[in-house]
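Two complexes come next, and they have one chain in common, chain A, joined by chain B in the first and chain C in the second.
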Partner chain A sequence: MRRSKNRSIKESPLFWPVHWKGDVLSVLDETLIPRRLNYIKVHTTAEAVKVIRDMKTRAFGQFLVVLNTFLLEINRHKGSEQNLVKKLEKTARALNNSRPTFPFAEVTSIVVGWARKAADDQLNVRESLIKNINGYLQGIRFRRLERVKKIASLIKNRDSILTHCNVSGELAMAARICQEEGKDIHFFATETRPYFQGSKLTAWELGRMGASVTLIADNAVASVMADGLVNKVIVGSDRSCANGDFANKIGTYPIAVLAKEFGIPFYVLTQPSNTIPRGEDIPIEIRQEKELLTFNGRATLPFKARGFYPGFDVVPHEFITESLPIDVR
Partner chain B sequence: MSDKLPDHVILLQGVFEEGFFDRFSGQPQDAIFILEGRPGLTAARSNGRALVKRKIQPTVLADNMAGFLFYKKRVKEVWMAYQSVYPEGAVCSIGAMILAVLAKKHRIAVYLFKGRPQPDLMAKEKEIFSFNGQRVSAAGTRGYVPLLEWVDKKYITKIYS
Partner chain C sequence: MRRSKNRSIKESPLFWPVHWKGDVLSVLDETLIPRRLNYIKVHTTAEAVKVIRDMKTRAFGQFLVVLNTFLLEINRHKGSEQNLVKKLEKTARALNNSRPTFPFAEVTSIVVGWARKAADDQLNVRESLIKNINGYLQGIRFRRLERVKKIASLIKNRDSILTHCNVSGELAMAARICQEEGKDIHFFATETRPYFQGSKLTAWELGRMGASVTLIADNAVASVMADGLVNKVIVGSDRSCANGDFANKIGTYPIAVLAKEFGIPFYVLTQPSNTIPRGEDIPIEIRQEKELLTFNGRATLPFKARGFYPGFDVVPHEFITESLPIDVR
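Right, the complex of A and B next:
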C-alpha cells in the first residue's frame, strides 16, 4: 500500500516537545518518559536554563526552548523597545551558557540580530520578533518533516537499523511511514547509559509507532554488527563542524568506528554549521561523576569509586556514509 | 574527577580473576579505568572491589565511553578478560570487541588475561529493562542481552594464559 503524498505524518511527542499554554511555556519532561507524559511549566529565562541544564529536555527540545524563551521574555516585557533589546541580549547570554557543547549562540545571535535591526530600522521590535521567530520555527518544522520523509526513503524493505540515543521523533515517524508503505524493518536501540535515552525514549516512541524494536546494552553494538543483525546505522547529531565532523551523545564514536570496520553504512542527521572548523575544536561537556555513579538516588556500586562522564563523542567525517542535513542558520 | 584525563590510561574490560590485580602495585592510581559491564555491572563491582582492596581507586566508565578516551589519545593499553582461547581468537565478555576494534584503529596494544568463569552466553531480556532497581524501558519492549562475544586474533596483541 503506497502512502498518499498529502497524508499527514503521525507525530511523536518528542518531535515537537515544547508548546504554549496561554502565556506559559510547556516543556515535555523527557526524564519521566516512559512512565508518563508530563510537561514542565516555564515562566522565565532562569527556569528555561534550568530545564536545559538538568536535561529535562535535550537535543531538539533544547533548541525549541531557546527560541521560545525569547517569545516568553517578549510577552513579559513591559518597558521600552530599547530595554527589550537589552533584555533579549541578556536572555541570549544566559541561554548560551546553559550547556557548553551545544551551539545555542548560533541561534540566539540570529534572534538578537533581528531585535537590533528592528530597533535600528525603528520598527516595532516586539511585533517584528514575534513574526520572525514564529516564521523561523515554522520553517524548521517543515524542514524536519521533509527530512522524516527522506529518512523513510533511505530505509529499505528488510533493513535492520541500529540507532543510539534519541533523534527527537524523526526516526520513529520515519518508521511509521515505512510501516504504512509495507516495509518489513527492524530497529536495534542502544540503551544509552547513563541517562538511558535509548531505553526510555527511543524504544518507547518506536514501539508507540508500531515499529519492531529490540533494546540492547551499549556494550553489544559490536556483537549485533559482527553477527549480521544490523545492516544500517542511523544517528542524530548535537553539533556539526565546517569540515563535516560532528558531536553526538557519548557512545557514537565507537559505533561509527565499528560500522566502518564491518562495512555497515552510517547515516547522521545534522544541522550544518561553519562556526567550528573541526571536531577537535568542539568543547565537550564533562558532566558530574555522580550522574554516572548514582541512579534513582542510590549508588550503583558498593564501593567508593571515581567516575568520568564525558557527555559527547566526536565523530570524524570520514566515518559518515551520508549526512541528512537541516540548515537552521 | 576533573576534566583532566591521565595521559596513559589502562582500560580494563570483563571480569578478571582476583589474583590478576596483584600486578597493579606500583601503577599510578589515576590511570586505571574500568568499564561498568552491563547488564549487572558485574565487571565494575568485581574489578572495583579487587582494586579498592589493594588501595587503588579505579575510575569507572559506562560501557559506551571508552571511545572518547581513544579519540583523545589517552589510552596506553587495553586489558581484557577472556573465557576461552583458540588459535583463531578468544571468547571474551560482551564489549570486548568494541575495545578491540578501537584499539586496532588507534594502534593500541590489547592484552588478554584469564577471566572469572562466565558460563552463560545470554542473559534474560528482562536484565536490560531495569537499572539499579528501577525500570527504564516501557512495558512490551523486547531485549537482546548477549554476555559473550568472539574476538578475532587479528585484534589481539598477546594472550596471557
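Right, the complex of A and C next:
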C-alpha cells in the first residue's frame, strides 16, 4: 500500500519545537520530555539565551529560537528604525555567545545583514525583516519536510537503523512514512549519556510514531554491529565544515569509526557551511562535570570524582557515506 | 626514588574480594561499592550461585567464589569420600550454570578432576583437595601480584591510561606502585553503563590508591583519543579463546577498534584458555533489559521501552597490542 503523495506527514513535537502564543515565544522544554510536554515562555533575548544555555532546547530548536528571538525583539521595539538595527545587532551578539559549538553567528549574521540593508535602502526595517524571517522559516520548514521524505526513501524494507542522540523529529517522521508504506523496519537508539537524549527523546518520539525501537547503552554499538543487528546508521549534526567534517553530540565519532569497521553505511543530516574549514577548527563546548556526575539532580557517587564532558565530537568527512544537507544560509 | 623490591604492595579490596570468617565465606558485595564495604555471608553452593548471578561479585571475584565454594562444601561434608566426590560434581554443575560467559567449567573441572583422581588413588579426598585448592589459590595470588608489578613497569612517566569497567584491583595497585616510584600518571575511566563499574569501582579504587582519575561517558572514548589525552589502554577480560580473542564487559570492543584507529597500544589482562577456539564461539550473556532501563532501582523512562543489554562483547585478537596472561588452568 503506497502512501499518497499529498497526504500530510504526522509531525513530532521535536520537529518544530518553537511556537508563538500571542506575542510570546513558546519553546518546548526538551529536558522534561518524556515526562511532560511543557513549553517555556520566552519574552526577551536574555530568556532566549538562557533556554539555549540550559539545554532546554538543542540542535534545530536552537535555530528556531534564534530566528524567532529576532521577531520577538522586532515586535517589542518602540524606537526608531536605526535603533532597531542596533538592538538586533545586540541580540545577535548575545545569541552568538550562548553556546560555542552551534554556528549561531551564521544565522544571526543573515538577519543582521537584512536589517542593515533594509536601513541602507530606506525600507521599513521592521516589515522587511518580518517578511524575510518568516519566509526563511517557511523555506527551512519546506526543505526539512522534503528531507523527511528523502530519509524515508533511503530506508528499505527490513532495514535496522542505528541512531544516536536525537534528530529533531525528522527520523521519527520518516519512520512513520515507512510504516504507512508497509516497510518492516527497526531502530536501535543509543541512550546517549549523560543526558539520555536517545532514551528520553528518540525512543520516546519513535515509539509515539508507532516505530519499533530498542535502546542500547552507548558502549553496545560495536556489539550490535558485529552481530549484524543494524545495517544503516543515521545521525544528525550540530555543525558542518567546508571540507565536510561535522560536529555532533559526543559519541557520534566512535559510531562512525565502527560503521566503517563493520562496513555499515553512515548517513548524516547536515547544514552545509563554509565558515569553518576543517573539523579541528570547530570549537568544542566542554560542559560542566556535574552534568556527568549527577543523575536526576543527585550525585551518582558518594566521593569526590572528576569528570570530563565534551559536549560534542567531530567526525572527519571520510567516514560519511552520504550527507543529507539542508542549506540554511 | 625506587621502590624497594621487598616492600609489600598496598592491596585494593577488589584484588581479593573473598575471605573466610570462621567456616563461612565472606564475599565483597561489589554492587554496594563505593557506598559501603559490605561482605555477604555465603554458607552453601546455592548462595554462591546467587551472589554470582546477581552480580554481587564479578570477574576475578567469581573465580575466588568458585574455588572457595568447593572448600565450603568439603568443610560441611559429613558422609563418605565417594559421596563427597558426587557432591562436588553437583557443586560444579550448579556453578557452571550460574552465568554463561565466564568459563566456570574450566575451573570446576580442575577441582572435580582432583577429587576423582584422589578417590581413584585411594587418598584422603578431603585433605588432598583442601591442600590442592589452597595451593592453587596461593599460586594465583602470587602470579597476580607479579602481574601487578608487570603492569606498573609497563606504565611510564607521563602516561595517561584509559580503562573500562574494572580490573579487580590490579590496575589500582599498579598505579600505587607507579606513584611510589614517582611516576606522574593519569587515568581516564569510562563510566561503563549500565552498571557504572567504571565510576563505582574503578574511579573509587584508583582514587583510594591516591591515583589521579577522570571519569568520561562511554561515548567520549573517541574524543579523548582524538585529542591525544590518552596514550595507553589497559583492560581486563572475562574469557579468552585459543586464538587469542577475548570477551570482556560490553564496551571493550569499541575501545579496541578506536585504539587501533588512533594508534594507541591496547593491553589486556587475560586468562589463556584452549577450550573455546574463537571469539564467535563464546556464549554471550544477555542480561535483563530492566538493568538498562532502571537507575538505582527506579525506571528511567515513564513509558514502556525495550532495551537490549548484552553483558559482554568479544574483541578479536588482532586488536591486542600485548596480552598480560595468568594461566589459571
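We take it that the second predicted complex is superposed on the first by the 329 of 329 C-alpha atoms of A that agree within 3 Å, B and C clash if a C-alpha of one lies under 4 Å from a C-alpha of the other, contacts with A are read in each partner's own complex, and residues count from 1 in each chain.
As a working rule, contacts are C-beta pairs under 8 Å (C-beta built on N, C-alpha and C of every residue); 3 or more make two chains touch, one makes a residue touch a chain.
In this text the structure is predicted, and so the values were computed from the model without any measurement.
J.: With everything superposed onto chain A, say whether chain B and chain C fit together or clash.
T.: clash
J.: In the overlaid three-chain picture, which partner chain does A:286 touch, first (chain B) or second (chain C), both, or neither?
T.: It touches chain B, and chain C stays clear.
J.: Look at A:317 in the shared chain and tell me whether it touches chain B only, chain C only, both, or neither; answer first, second, both or neither.
T.: Neither chain B nor chain C is touched by A:317.
J.: Should A:34 be classified as contacting the first partner (chain B), the second (chain C), both, or neither?
T.: Both partners.
J.: Name the residues of chain A shared by its contacts with chain B and its contacts with chain C.
T.: In chain A, positions 34, 188, 190-194, 196, 199-200, 203-204, 207, 213-224, 226, 250-251, 253-254, 257-258, 261, 292-293, 295-296, 300-303, 305-310, 313-314 sit in both the chain B and chain C interfaces.
J.: Which positions of chain B touch chain A when the two form their complex?
T.: Counting only chain B, the residues touching chain A are 1, 3, 5, 30, 33, 35-39, 41, 44-45, 48-49, 52, 57-68, 70-71, 94-95, 97-98, 100-102, 104-105, 128-129, 131-134, 136-138, 140-146, 149-150.
J.: Residues of chain C touching chain A in their complex?
T.: Listed in rising order, the residues are 34-35, 164, 188, 190-194, 196, 199-200, 203-204, 207, 213-224, 226, 250-251, 253-254, 257-258, 261, 284, 292-293, 295-296, 300-303, 305-310, 313-314.
J.: Enumerate the contact residues on chain A facing chain B in the complex.
T.: 34, 188, 190-194, 196, 199-200, 203-204, 207, 213-224, 226, 250-254, 257-258, 261, 284, 286, 289, 292-293, 295-296, 298, 300-310, 313-314
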